[in-house]
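Two complexes come next, and they have one chain in common, chain A, joined by chain B in the first and chain C in the second.
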Partner chain A sequence: MLFTSIIYFLFLVSSLVGYYLLPPRYRNYYLIIVSALFYMYVKPSYLILIIFIIVTNYWIGIQIEKSNRKQKSGFLYLSLFINLGILIFFKYWNFLIENLFQLVGLLGVSNTNSPPFLDIVLPIGLSYYIFQIIGYNIDINRGTIKAETNIFDFSLFVLFFPKLMVGPIERANHFLPQLKKRILFKKENIVEGGKRIVWGLFKKLVVADRISIYHDAVMSTVNQQSGATILFASVLYTFQVYADFSGYTDIALGTARMFGYDLMENFKRPLLAKNVGDFWRRWHISLSSWVSDYIFNPIAFKRRDWGNFGVFYALIISFVVIGIWHGATWNYVLFGIVQALALIYETLTRRARKNIAKKVNTVLYRDISIVLTFTFITFSLIIFQSATFSDALNIMKAMFSNHGKFFFDDPPQLTFMLIGCVMLILCDIQEEFRIFNFSLFSNKNWMIQQIAFSLLLVYILIAGVFDGGEFIYFAF
Partner chain B sequence: MASEQIITEINKIFIKILEDNSIILDENTTTDDVAAWDSLNHIQIITAIERHYGIRFELNDLLNFKNVGDLCNGVQKKLQSKK
Partner chain C sequence: MKWINVKENRSGFQFLLKSFFFVAGLFVFDYSIGSLLKYLYFKQNSGPLYEITYSIDSTKADLLIIGSSTAHHDYHPSPFQNRLGVSYYNTSNDGTSLLYHYAVLKSILKRYSPKIVILGFDIGEFKSDQKSYDRLSALLPYYQNHSELRPIIELRSEFEKIKLLSKIYPFNSTIFSVFIRNPYFTGYNLKRKADDNGYVPLNRFDNEPMEIDVPDLKFDPDSNKIDFFKSFIKDCKLSNVDLYIVISPRFIKYPVKDPSVELAKEISDRYNVPFYNYSRDTLFLKHNEYFADRVHLNDNGAKVFSNMIIDRILQNEQKNSVSKKNSWSADSDKK
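Our next item is the complex of A and B:
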């Protein structure tokens, strides 16, 4: 059920009405049922899988807490084995088998059997909730949280439908305490949640889906397009991925807010990042902070006597995990490695860059840094979007060598989309730097705010893409 | 060792690692208050503190450091257990 579909909004409104009609003590039980129905919408049989995951991890969490130090590790490994085993089976099996067969072939062993590929649908949101549960078990093992003893609260911690499909990857210490409170109806939650949803719809339907049409048209005929067109489409793709994923997250956060829950923020104006490290503190924060807490910090700490090399080693492993988290293909692994190399470069040049910054005007230095970071991200996303490394190279080669006319496709639609991009980036600039004294969407005057959101809704209806479209991050 | 003295010494380490003379730490300072203090150089700071005092932290100690005050208490505890 896509967050932009009519059926989703019918589902949302009807579940909200039922939720607030029930006495507060029954509301969480009701949310579990609603979330299970939401999950079953794609493939009912996968409900059995998620129930298995919930029950085993509920039990393991309690076992980790009450065991002695040695047994604790045993239960944690059991949890990792089960959770990663499920994730690998559904998401990485074909990738592993294919590469294993290729490796065997390279070693000269003759093998006439065809690889045992699996033809299965990835359960929705699997990568998101598996990471969330692993984090939960590690936290209990570290003693930073208590195991959840109420199976219903634990079920909702995993199942809560607004975050089920595309995160954010919640943390136990942030979300579990919220489940203990009785949620009362507040008009403010509905209004603020609704505004967040409208903003998310704008990002998704006007910016991301409009760009998608143009970008796909350019990239499917990349060898016939001019370099300037390919560059333009690549820059737009950066906006697309941002608008797509953060738009979806806005709808998730807005929906959760309507039910009285606060999910963690996943984006903090990433296109205005001043360096690559800064970008990863602003982009898909729930994943990058997860990797930082559970992979980077333990490895870097363990290898701290290696000096800088320990940090670099931890960076490469962390970013390979971030890369491969997106999917079982080599382009994602390479995307991760490129990010790690950029961070290593930034670590090594920190002093030199600081010296340059001292000599240049502060605002100019900042703005140049933002543009350079944006450029790097745009080029690294060429790897991200290409099926193979040679496809990525082909796009980059064509960008610098092809001549010809600029591809306009459908000028009115292109204009709608560009207005959308400008609105998006201006809102981010305003939030980041507060350069205007006037604000539309967060104006203190209620009337101005209502007019702004009404106009935005009208703009979505005029300029949005309503014939489907797919969330990029839906596939992860 | 008094906690004020530890904060003063740790402050010097922060200035040296982050190359920023304007850093002034107190017990309530967190990573949000010091612009350059990120997870990449956090490990460098911790290692420098360990070397300065001749102590060794566990990963769990690190996880419980929520601000500079916790970090100082951590140093103090390790110094006491060394005696």
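Our next item is the complex of A and C:
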């Protein structure tokens, strides 16, 4: 059920009505049923898997808390074995088997058997909720949270439908306490949630899906396109991925808000990041902070005797995990390594850059930093968007060697794309730097605000792409 | 009703009132902007959107080309006009499928019966493909006034009727084209060239090497497309239209037979409709100078190909008149 589909909005409205008609003590049970139905709509058999994951992790969580130190580790390893085992089986099996067979071939061992590939579909949202559950168990092991003893609250922690398919990867200490509160109907939740959904729809339908038409046309004929066209499409892709994923997150957060819950923010204007480190503090925050808390910090702490090399080691491991989390291909691993290398470079040059910053005009230094970071991200996303490493190299080669005309087949299409990108970036700039004193979408005058949102909806109807357009992050 | 927040309930009326104003405002914006877009859409006098309106509402040509981009670029009007002495119009629309082609035929047959229809059939035409349904969006502006198109447009999605409650939605993505192609706004009249007749020539030349393409052997046919193909043939027969189903030349080698083509040929044979497959024609496979790209002919290639099709039509007419004559003489012998 796509968040931009009519069926989703019918589902949302009917669920909301039922939710607020019920007494508060029954609302969480109702949400579990609604969330299960939502997940079943994608594929009913997925529900069996998620129920298994919920039940086993509910039990393991309690066991970790109850046990002594030695046993705690045992239960934590059991949790990791089950959860990562499921993730590897569904997401990485074919990748691992293929590479194992290639390695065996390289070692000169003759093998006439064909690799035992599995023809299975990755259950939607698996990577998100598995990471969320692993975080929960680690937190119990560390003693930062208590194990959830109410299986219904734990079920809703995993199943809550707005975040089920594409996150955010919630943290137990943020979300579980909210499930204990009595949720009352508040008009602010409906209004603010609604506004967030409209903005998400704009990002997804008007910006991301519109760019996707042009980007796909260019990248599917990359050898026939000029370097300038490929560069332009690559820049647009950065906007596309941002608008796609953050648009989805906005709809998820808006939906959750309507039900009275606050999910964690996943994006903080990442295209205005001043360096790569800053970018990863603003981009897919729920994943990067998860990796920071559960992978980077423990490794960096363990390797603190290594000095800077310990940090670099932790960075490489963390970003390989971030890369491979996106998918079972080497280009994602490479994408992660490139990010880690950029962060290592930033660590090594921090002092030198600070010295330069002191000598240059602050605004100019900031703006140049933003442009350079954006350029780096755009180029690294070429690896991210390519199916293989050789495809990425081919795109980069074509970008610097192909001559010819600039491709803009359809001027109205280009106009829609540019208007969308300008609106998106202007809103981010306004939120980041507060350039204008006047704001349309958060104006105190409700009339101005209502007209602004009505016109935004009208613009979505005029310029949105309503045909197809899966969310890019569904694939992960 | 303890669970309803009493304090919030006091301002409930205000909330409902504001919600009402929001919805009412949205409705007013949608209705007024949608009506304006509709007016401007149907005032266009050139461009691809105008050509759809002309195909559906106005053309009275004797010979019609119906198809996708291949048909749009591969049939040159002048050989048809000169050698057959008929009026020509090309109703083809890029990226469309049989779903769209049948919709166009239905609206045309509602007005008149052309003498000849050439249906451009594409390789893999019967394959299930969401894009074919998405491209029916080109027909959304005609939903309100063309009842014959409604069942086809509604195939886009089960919620299409709900979406069409919006006045703007049918004109989604057309706003800039509508303004550019409108003499009221551009200040000059971009009139359709008299000799174009819906045909869009491609004047480039393909210098890419020949491609070898193995069609997807997992044949997952779309039953709607197959049904529409049959209906297309039946409707033409009922309206006494001479139908020719043609696959355009390609600069691609197909080592295996395409299941869609095989099935289309079988159905055409069953209904005794001429079916010409030029995708393996050696003349074109040896001459890449006839192509703009691997699947579209350039202007020169379109002329050569159109003449080949005209030869086929003339042969067919001759054959038909001989068989009619023979059956007439056989009938008179019996008498």
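Convention: the second predicted complex is superposed on the first by the 476 of 476 C-alpha atoms of A that agree within 3 Å, B and C clash if a C-alpha of one lies under 4 Å from a C-alpha of the other, contacts with A are read in each partner's own complex, and residues count from 1 in each chain.
Assume a residue touches a chain if its C-beta (ideal position, glycine included) is under 8 Å from a C-beta of that chain, and two chains touch if they have at least 3 such contacts.
Everything numeric in this text was worked out from a predicted model, so none of it was measured.
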Overlay done on chain A, so just call it for chain B and chain C: clash or fit. fit
Give one of first, second, both or neither to describe whether A:F466 is in contact with chain B, with chain C, with both, or with none. second
Applying the document's definition of touch, where does A:G143 land relative to chain B and chain C: first, second, both, or neither? first
By the touch definition at the top of the document, which applies to A:S292: first (chain B), second (chain C), both, or neither? first
Touched partner set for A:R281, first chain B, second chain C, both or neither: first
Taking C-alpha centres, what angle do chain B and chain C open up at chain A, rounded to the nearest 10 degrees? 160
After the superposition on A, what does A:G310 contact: first (chain B), second (chain C), both or neither? first
Using the superposition on chain A described above, determine whether A:A300 touches chain B (first), chain C (second), both, or neither. first
In the superposed arrangement, does A:G108 touch chain B (first), chain C (second), both or neither? neither
After superposition on the shared chain, which partner residues are touched by A:Q450: those of chain B (first), chain C (second), both, or neither? second
Taking the superposition as given, does A:T347 touch the first partner, chain B, the second, chain C, both, or neither? first
For the three-chain arrangement built by superposition, which of chain B and chain C touches the greater number of chain A residues? C
Rounded to a whole Å, what is the shortest Cα gap between chain B and chain C in the overlaid structures? 35
Residues of chain A contacting chain B in one complex and chain C in the other: none
Interface residues, chain A side, partner chain C - complex: 5-7, 22-24, 182, 184-187, 411-413, 415-416, 446, 450-451, 453-455, 457-458, 461-468
In their shared complex, chain B is touched by residues of chain A numbered 142-144, 277, 281, 292, 296-298, 300-302, 304-305, 310-311, 315, 343, 347, 350-351, 354
Show which residues of chain C lie in contact with chain A when the two form their complex. 2-5, 8, 11-12, 15, 18, 21-22, 25-26, 29-30, 33, 37, 130-131, 134, 137, 157, 159, 162-163, 166, 168-169, 171-177, 180
Chain B - residues contacting chain A, complex: 19, 38-40, 42-44, 46-47, 50, 59-60, 62-64
